[in-house]
Structure formats: C-alpha cells, structure tokens
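Take a look at the following structure, please.
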Amino acid sequence: MSETPDDLHRAIEATLFASEEPMTVDALATHLGGAAAGDVREGLRVLAGHYEKRGISLVERAGRWHFQTAPDLAHILRREQEQVRRLSRAGTEVLAIIAYHEPVSRAEIEAIRGVQTAKGTLDVLMEAGWVRAAGRREVPGRPVIYATTPDFLAHFGLASRRDLPGIDELRASGLLDPVDDAYDALTGEADDPDATSDSVTSGELAPNDEQADDAL
Amino acid sequence: MSETPDDLHRAIEATLFASEEPMTVDALATHLGGAAAGDVREGLRVLAGHYEKRGISLVERAGRWHFQTAPDLAHILRREQEQVRRLSRAGTEVLAIIAYHEPVSRAEIEAIRGVQTAKGTLDVLMEAGWVRAAGRREVPGRPVIYATTPDFLAHFGLASRRDLPGIDELRASGLLDPVDDAYDALTGEADDPDATSDSVTSGELAPNDEQADDAL
Amino acid sequence: MSEDALILGQPDTAQAGDDWQGIAAPGTTDQGALYLALDGWEGPLDVLLDLARRQKVDLRQISILALVDQYLGFLDRAKELKLELAADYLVMAAWLAYLKSAMLLPKEEQEDPSPEELALRLQLRLQRLGAMREAAARLMARDRLGRDVFVRPSPEGLRIDRTTQWKCEWFDVVQAYGQVKARTAPAVHMVRDRPVMTLDSALDRVSAMLGVTLDWIALEDFLPPHAEPQLRRSAMASSFVAALELARLGKAEMAQEEIFGPLRLRRIRA
C-alpha cells in the first residue's frame, strides 16, 4: 500500500485501534457511518497487508478483526505473570475435544476420554469464555451440547475452526468419528450383519464403552 | 522508512502498543533487553514519521511515548446518533400549560392538569430546550417556576406567546369540548396514576352494577 | 514441550516416554525405588494410552497382547506398593485378562464377539484419545492472546452518544391545552327533563275519561295519543296505578280475561 493511506483506511485503523472489542465488517461499516461493507473488507485486506511485517498485526478471528502484537515478538512481551488461565490436563483435553468435535455432549466427551468429566472442568472452560452451551441434542434425555466461542478462536489465534491444527488430517483419517463408525468402516458393515449386536456386547464387557454407547 | 521495519522498530512498536502506560526512552531500552537509548530514540523518530499520516499516531508527551488515535479522527470514536421521538401526551400537556400560564411551578401545573406530573416529563421538556427553570416563586417552599424558551417559540413558529390562541378561540374551535376519545387515551397513560387507578376502580365497580340491574 | 508448563497436575510422562523406566515413573528416589503417582492418571484408558505410546510404534500398529501384559504388570506393581486402586482400574484389568485369554484360544473356540474385534475397538479408542491429546498440545502451543500476543490493555472504546430530537406540533400543544381545560373545568350536573306523567295527572285524566261513558275501556286508550314512547311508558305505569287507586276507592272496576290480556276499566255507577 502507498505511504499515504486513504481516509477509509485511516478510519478503519483508528476505529479498530480504539475499539474495546474485535469488530465485524458490518459493525465497522455501521460505525463508519454506513460505509459499503465491500469497501471496508477491501480496506481491511489492504491494512492487514500493510501490518504484516510490522510489530503490530491486524488479524481476523471468527469474522471479527482486531490489532494485536506480532506473534514472533512474544519473547519481549511475555509478562512476569502470565495472564493466561492455566488449564488442567483434563481442561485442555476437554477443550480440544469440544473444538474438534463441536457440538458435543458431555457423554460424547467422556466416551473419548474414558473417564467422567469433573463438574468443574466444563465450568472453567465456560467461565474463560471459550466454551458455551449450544442447545440440546434431540435424542432421549436431550443432553446439553457444547461448542466453542469466538473468544476461543481469538485466544488461540484461529481465524476459524478450519484453522484448528491438523483438523483436516484428523477428519480424513476418521479420527473424529465415533469408535463404532470407525469400526464399521474398517470391517465393512455390509458383510457384518451382527455389527450392531456386537457393539452392544462389547459395551457390556468394557465398562467404559457404555458411555460411548450412550453417546451414540 | 522502508516497508520492512527492522527488528528494533518492530519491538518498540509492539511494546508501546501492549504497554499499559506511556513509556520513556529509558524504560523502553530497559524492556528491550538493554538496547542503546540512542537507537531507541532514533527508532521512535522513524516510527513517529511512519505513523504521521496514518489513523494511529505515535506521540511523545512529557518524555513518554504512546500510540493514540490520530487527533483528526477523534470524531470517529465518539459518534452522535440522533433519534426523533414524539413528545408524549403528558409532555405535550405540561408544555401547553407552561406556555399558557408561565411562569408556573410544578404544583400549579399539577393543579391545572388535575394529575401528578412525573419528574421525567419536565426533564424531557428541558432537554428538548423548550422549557427552562425561571427562578423561584417567593412563597413558602420557594418552588422552582418554569417558563418557555425562545427555542420554544422558534420551534413552533410563534413570534410571541401572544400568538397562542386564547381560551375563547379554543372554545370557538371546539377544542374545549370534552373529547371522549382523548379522555380515554389519557386514562390509559402511564404518567397519570390517578387516572389509571380510577379506571381500574370503575372497572371493578362495573360488573356489580350490571348484577344490580339484573336483579331488578 | 512448552505447553507442559501450562498444564497443571500432569505427570511427567511425556518426557518419560523416551526412557521407559517402569510404570508411570515421574522420577526415582535416591534408592532408585519407583514411586507411583496415580493421581496423575486420568483413569485406566489414560494408563493404557501411555503404555501403548511406550511401544514406540504408530497407535495403529500396537500389540494389544503386549499392552495387556504391561497393564496387568502395572497393576501388580501398584498392589506390591499397597496402593489403593480405584475400581475402574480393576474392572479394566479383569476385562483385559479376559481379552488376553480369549486371544490365546484357537480361533475356532473363540467366543462372539471375537477378541480381535474387542482388541480393534480398544485400539480405535486409544487412537482417538491419543489424537485429541496431541491436538490439545498443539492448541496450547499456539500463539495465545495474553501470553504470546497482546491487544491494547485499555483502549479508549467507541462511544455512541444518542441524542433525542423531540418532535411536537403547534396544534398538539393547543389541543392538549384545550383538553386539559375541558377535563378540569368545574362540571355542572343537570338532570335532564324527562317526559313523565305523574300519578296525580294520571288520576285526573283517568277519572275524567271514565266519567264520559259506562262502557269498558281498555287501559291503553287512556294514554295520551301520539305520545313519544318514553312518555307513553310513563303514562302506562301511572295510569295503571291510577286505575288500581280508583278501584280501591270503589269508583271503578277492572277486568282482564286472560293473563297478559288487555286490561279494561269501567266506571261504577254511584
């Protein structure tokens, strides 16, 4: 971009700089007195390009834009006391499972982890603003299902869930599918009419599988 | 400056952006692991030049540096949004009474209206710029008295208050006849607690009256 | 891995994976005795995954039999150390022991479901847990807001000041004043003059009309002709009362041939 940014670019720059929250293209357009969304989007693109190599970056997270410091400068900015919430291992695992599988019920999370989820684990994630209840699954019992929030994407520097590390590979290799589906896929369900009853039997044998069956 | 800022520039940029407070050259130099103060000063100069025409400015105040929104874009941070609202029925009545009787105290307005006047009603009229406090009546309690403003005359296109139609003219044009519809509208008004309670009372009595009729 | 620092209560197993010293050993004491930190494990599946990882092969290639042996060995050692094991560890041990014995049977004697199927399902579960554990680690290692990247600590914020433009017409003001005045003007109540025939006038009228003839006269005929309905009703009522009064005084007699039939009146000769 040229050294002299145009008025819209300057206005977007100033608005995002002063805003307390990341802003969507629409929110920006509205705030800038009804600028065309297309112009704003183009302005953001140009600005993001301008800031690409600077100490400040203009980034998009879940459709909302904000300025933040460049990631490679973390070493000079890291504070004495980290402001980041420290998560237990259970917390990080549950968060990852929700992010890669969303929306998921608690039973589905437990089926993957093989242990019950402590009451506080989900609460901590919700309190951090990374996870939210996203309705109920329309199956018997109508369990609550959970999903991640825009704040989650912002915190972990993801433009969208498609940017979750390795999600394409995990999906392609079926590692995001339930065990039963993966088993059927591996053994070929067509020539195995007993597959369903088998899975029930195995559920009885392996206590932890019960949770998996419940979830499905 | 060149399009690719050097590492020190980027570090200064990020540090000032993320800092809670404006920073001196020395504080910056210390934070950046003992960079030479001269280099930091030179870096700040280059950066200030780079940001000169942008939506964000790098400025020095009393030896401390910080980023701020470009001064000419201050209007973007504080936008005014105007909405047009119709004066409520209570507001219109109070305005009319003040216009015909000014200066009047609130108690006098209430005596003329026959109902209590909510505090907010006078506030709205003053916010609109049509009514002002015009001193105090020299009677016990020294109540504030209200009068109309020149804006009131201007808004309603009146040369003076004498242009308001007199009582006789109102009568001649039928405006003094009781208007059932208008009265009904009035009794439903929030500003008018007496009227509301009245209508409730009469509503309670009405069924009994009917029963009395039936009995005869 | 840097994310380890962020994870509380995690046993030091990630590094230990490179150097398997026995069971779940975060370290050894000076005497070299192993100690177990069962608190660090998230249940039997967690232990199994860790044991599987120690086979240093892809999770798809792990030897389930070796895994079963390692798990059972893990529990034996825990028992030697007199550690109290949660029930689910023992349930898993029993299930794995069953799985092992089934796998050792000749193929034709195997029960349904086959041990191969059970083993495969266990493997699939471990793969899934392993995948999520890796994903969590990669997630935690990203450039995180507030740790690696920072937003402005206290931005000015965008303010929208809403101002109200009040709208009111001249006519509204004048009309409102008119209505206030009309509403609060002292009310004078006047009873409307209703057309009625008093009892006295009905008595006079009925007596006078009876005096003219000795024939029966229907009550309706005593009413003033062409009277408006309201007056007529009033006249009917007062004429009826007058007729009763005259009958009481013995000046007239009344007759009615059927219920609701016409009421007739006749003078009694004095």
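Should a chain be cited, it is by its letter among A, B and C, assigned in written order, with residues numbered from 1 in that chain.
The rule is simple: contacts are C-beta pairs under 8 Å (C-beta built on N, C-alpha and C of every residue); 3 or more make two chains touch, one makes a residue touch a chain.
Bear in mind that the values here come from a model prediction, so they are computed numbers and not experimental data.
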item	value
Relative to chain A, chain with the most remote C-alpha centre	B
Innermost chain, where centres are averages of C-alpha coordinates	C
Rounded Å distance between chain B and chain C, as computed from the means of their C-alpha atoms	36
Inter-chain centre distance, chain A versus chain B - centres from mean C-alpha coordinates, in Å	41
Centre distance in Å when chain A and chain C are each reduced to the mean of their C-alpha atoms	28
Residues within chain B bordering two or more other chains	14, 17-18, 69, 76-77, 79
For chain C, residues contacting two or more additional chains	150-152, 156-158, 160
Complex interface listing, chain B residues touching chain A	3-5, 9-15, 17-18, 31-33, 53-56, 67, 69-70, 73, 76-77, 79
Of chain A, residues touching chain C in the complex	15, 17-20, 31, 57, 66-71, 74, 77-78, 82-84, 86-90, 92-93, 95-97, 99-100, 112-115, 154-158, 164-167, 170, 175-176, 179, 182-183, 186-187, 194, 198-199, 201-202, 205-209, 212
Touching residues on chain C, where the partner in the complex is chain A	3, 6-10, 42-46, 88, 91-92, 95, 98, 112-113, 117-118, 120-122, 124-125, 127-129, 131-140, 142-152, 155-158, 160
Residues of chain C touching chain B in the complex	150-154, 156-170, 172-185
